[in-house]
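Here it is: the structure, laid out below.
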Amino acid sequence: MTSTRESIQISLVQLDNYGPWTVTPSPRRETDLQALQARLYAALADFVGNHDGYAFFDRFDNMIAVTDGMTVPDHERFQEQIRNQFPVTVSIGIGVGRTPTEALGAASQALQAEGSAQDADRTEQLATAGAVGDTRGSLTVAHFDVVDVTGEFTDQKAAGETSLAIQRATVSLASYLREEHEGIARFVGGDNIIALCPSLDEGAFEGAREHVQATTGIDLQVGVGEGETPHKAGYRAKLALEECRETGRRIERFSPQATIDR
Amino acid sequence: MTSTRESIQISLVQLDNYGPWTVTPSPRRETDLQALQARLYAALADFVGNHDGYAFFDRFDNMIAVTDGMTVPDHERFQEQIRNQFPVTVSIGIGVGRTPTEALGAASQALQAEGSAQDADRTEQLATAGAVGDTRGSLTVAHFDVVDVTGEFTDQKAAGETSLAIQRATVSLASYLREEHEGIARFVGGDNIIALCPSLDEGAFEGAREHVQATTGIDLQVGVGEGETPHKAGYRAKLALEECRETGRRIERFSPQATIDR
Amino acid sequence: MTSTRESIQISLVQLDNYGPWTVTPSPRRETDLQALQARLYAALADFVGNHDGYAFFDRFDNMIAVTDGMTVPDHERFQEQIRNQFPVTVSIGIGVGRTPTEALGAASQALQAEGSAQDADRTEQLATAGAVGDTRGSLTVAHFDVVDVTGEFTDQKAAGETSLAIQRATVSLASYLREEHEGIARFVGGDNIIALCPSLDEGAFEGAREHVQATTGIDLQVGVGEGETPHKAGYRAKLALEECRETGRRIERFSPQATIDR
Amino acid sequence: MTSTRESIQISLVQLDNYGPWTVTPSPRRETDLQALQARLYAALADFVGNHDGYAFFDRFDNMIAVTDGMTVPDHERFQEQIRNQFPVTVSIGIGVGRTPTEALGAASQALQAEGSAQDADRTEQLATAGAVGDTRGSLTVAHFDVVDVTGEFTDQKAAGETSLAIQRATVSLASYLREEHEGIARFVGGDNIIALCPSLDEGAFEGAREHVQATTGIDLQVGVGEGETPHKAGYRAKLALEECRETGRRIERFSPQATIDR
């Protein structure tokens, strides 16, 4: 058995001087920008996915990835790919910390120390904070979704209403986990919210659920997984969430006795 | 000069039975799903962009597009492209309404009437409500962003904090515009929020700004544009937002005297 | 019924100053270039596909599209999309001619008159020859493949051998159709070769088949379709080729009595 | 210094039952298929590029990659990505051999032994021949292009003529290298042909150049590189080709004294 992880590595991928580029020489067509941003994010997701990492679109011009095990040359390779395939370049801050917020904070500070995101001379920086590529132990992923979202929302309400409800739940959950547990939660599509967490007991997840219920009226369920890579932890979290759907319980942890085939 | 538009056409693009697919036969790798969703959205953005429309990722498994002028066969062509290039298919509801929320509501209801989003037998439906392809007059796009986001947030704060602040502003603005003016606002990356609105006076936009400031402490500025297509209206909104950045005013409307080169 | 087309419109899409870019400041990684070129071509295929056109990768830095009905602003929109989403730009020559080679020749000359493909100052040109967007009548698409390629080649021989055999057949067919009938034939994947032709009788196609057989020993079959758009003509050619597979005949023309559902 | 490589690893990536899929239930739109094939190839190029490999589109439904150092689980990960992001799946044969044609032949046979490419039940096979992931020593990449292609062809002749000339040169070169030296040469865009070769002396490359000149009249130049990975060998070949352009010599080998910065 792996011990609880003492650290996590998070990379902040920032498009260089992107805002000014989007309006030079005149504002670029919005749908072109939407497609560009989405494909840049897809490239990041594929890249870190091939290293068993996780990726979040965050603000698109600032994307977040869990990159445990990925080295500085791995990140340089990603910068090379973007430079060769897209009209923009990226700078990256890599932070290692005891908790997700600490790691992301370290990544942010390392990158900010290199200059402004809108400094035309600050391109393709790669700044690090901590022992990159050398995190150890297991990490925790919690995969949340809305109980019966299809029956309660998608098939019943206007799409705009459903969307807003899930955004509210996301903000509520992300704020709570950040403030109470130094976790990072992000919307990943549909009614799914994925959180990177320190090792937490069931009471902590129940607290999060109750906070969201109290502030937004939305009933979340959550599968919790641990693993040596973000992918393994996240995969176990998905299996646990499947158990929630079957058992009706609101919190399930992946049972290590269960077989994993990938 | 075009008259104020009496109607707007919005399409709701829904992945067919997507939730079950993502866990069949076992949960699929999250980064693969993230990349898939992003590229599906990019395909939609490109498609409607070529018809001078606008697109929002919304929940990724439910995407929204402003599709004035696009016909039913145009939408069928998009369904064909997705079927031929992706491992999932899409159903579409097209709604025409006097306001954005009315149009999206009509699109949602039309699609819901065809069956559940998780009904394995409901695939590639195309349901309409209203006179598709026949909207008239001009529509309004309002392009918001955060005043000095780079100086105040991106270069100063941890990426997690910035991201949450902008999510809060988005939820606050979207809720307000929906309730007060039947508008639809969505995050489009960076610190940008784009709203589809009925024709509104300056006081309405000031009210929205003040609401967001009061509830989240975030100072927004907004460029407002009108035009016969979403692209033209949105392009003028971007020009107006550029004026905000230059003049320091918080609300600018595109002046029809200004030259547009595209 | 439509009359035989008197003209066809072909667009030559040329990456601007691409060769020098691939080695600046030092040679770029080959796989990045391969992926870039492939996605640029996919963007072109999607774009002209949405106008019922046809596309060929040709040399990737010079791509060919059949663009009947597409206007100059349509082509400008494509240039805009590439500029906004890729690290390179494209110039386009559009030619209208009585035959495919005449149209492509006109497109080439129009573009060459704007300057060299490796002139750093010649970017995003759009040159035309003939009445763009105004071709009339029906055009002919011939869709060839190798008789029993899976049984004879793919499942039997080394991949390198199969590939070379099909390249030889392609060169032989393309040369013959070009010289004898002013047609353009291009490899489109697998064992498929698609030819744009003037209106030709069955003897002409039999002549082409015999030439390829004599020079390369490869037995081709061909489905021939006519239609008002490249897509319709090509779709009928595919249906006719399906008939070849069923009947064992080597040349089939789409029978206008057959139902087409798209 | 690394010793001359005794073996090379080549993977044959074959779309499962693709031909039938393209016409089920009726022929799919050609441009959709073109875009699909191109993006599948881009995914392969990105994937092997991240392992310092090389990729060739070959026939698109059968793609070739040089995958030295890539393991069976690496290939399985690629199969997983395709399954999750595309409407088709892939089977792979991996072959290790003393020469490129031996390796590709072994890969082909291993895959053929699993069943037909058009057997609906043969999906996502992964067959190997030889010690996968364990090749040693350096390999040779030769990067050819046409002397002054822009001045002689692109800016002077009709695009169709240039394209055919380069196809003829490709077939001539590929046939010669295959028969004389068990090498594999493929067109990679523009006027570029890349060959995987055993270790060959300058006379062998001169022989190839002369064969192409004699059979097609086209004057090729070639840069030759060696390295422990396809990327390193190919990068050095590109540097050597740059030297050809500067010195006017027709064959250059990468000088190991030259600095490589990546």
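Letters are used for the chains, namely A, B, C and D, taken in the order the chains are written, and counting of residues starts over at 1 for each.
As a convention for this text, a residue touches a chain if its C-beta (ideal position, glycine included) is under 8 Å from a C-beta of that chain, and two chains touch if they have at least 3 such contacts.
Chain labels with UniProt names: A, B, C, D = GTP cyclohydrolase III.
Note that this is a predicted model, so its numbers are computed, not measured.
*Asks:* Over half of the interface residue numbers used by both chain C and chain D, so same, or under half, so different?
*Replies:* same
*Asks:* A-B versus A-C: which has more C-beta pairs touching?
*Replies:* Ranking A-C and A-B by C-beta contacts puts A-B first.
*Asks:* What is the distance in Å between the mean C-alpha positions of chain A and chain C?
*Replies:* So the centroids are 43 Å from each other.
*Asks:* Starting from the mean Cα coordinates of chain A and chain B, work out the distance between those two points in Å.
*Replies:* Chain centroid spacing, chain A to chain B, equals 23 Å.
*Asks:* Specify, in ascending order, the residues of chain D that touch 2 or more different other chains.
*Replies:* Expected reply: 29, 32-33, 35-36, 39, 43, 46, 49, 80-81, 262.
*Asks:* Take each protein chain as a node, join two nodes whenever their chains touch, and name the resulting shape: line, ring, star, complete or other.
*Replies:* complete
*Asks:* Which residues of chain B touch chain D in the complex?
*Replies:* Those residues of chain B that touch chain D are 28-29, 32-33, 35-36, 39, 80-81, 83-87.
*Asks:* Taking the touch rule as given, give the residues of chain B at its contact with chain A in the complex, in rising order.
*Replies:* The touching residues are 12, 14, 18-19, 23, 26-27, 29-39, 41-43, 45-46, 48-49, 53-55, 57-62, 64, 101, 104-105, 107-109, 112, 116-118, 150-151, 154-160, 162-164, 166-168, 170-171, 174-175, 178, 184, 188-191, 194, 231, 234-235, 238-239, 242, 261-262.
*Asks:* For the complex, give me every residue of chain C touching chain B.
*Replies:* Residues of chain C touching chain B: 43, 46-47, 49-50, 77, 80-81, 262.
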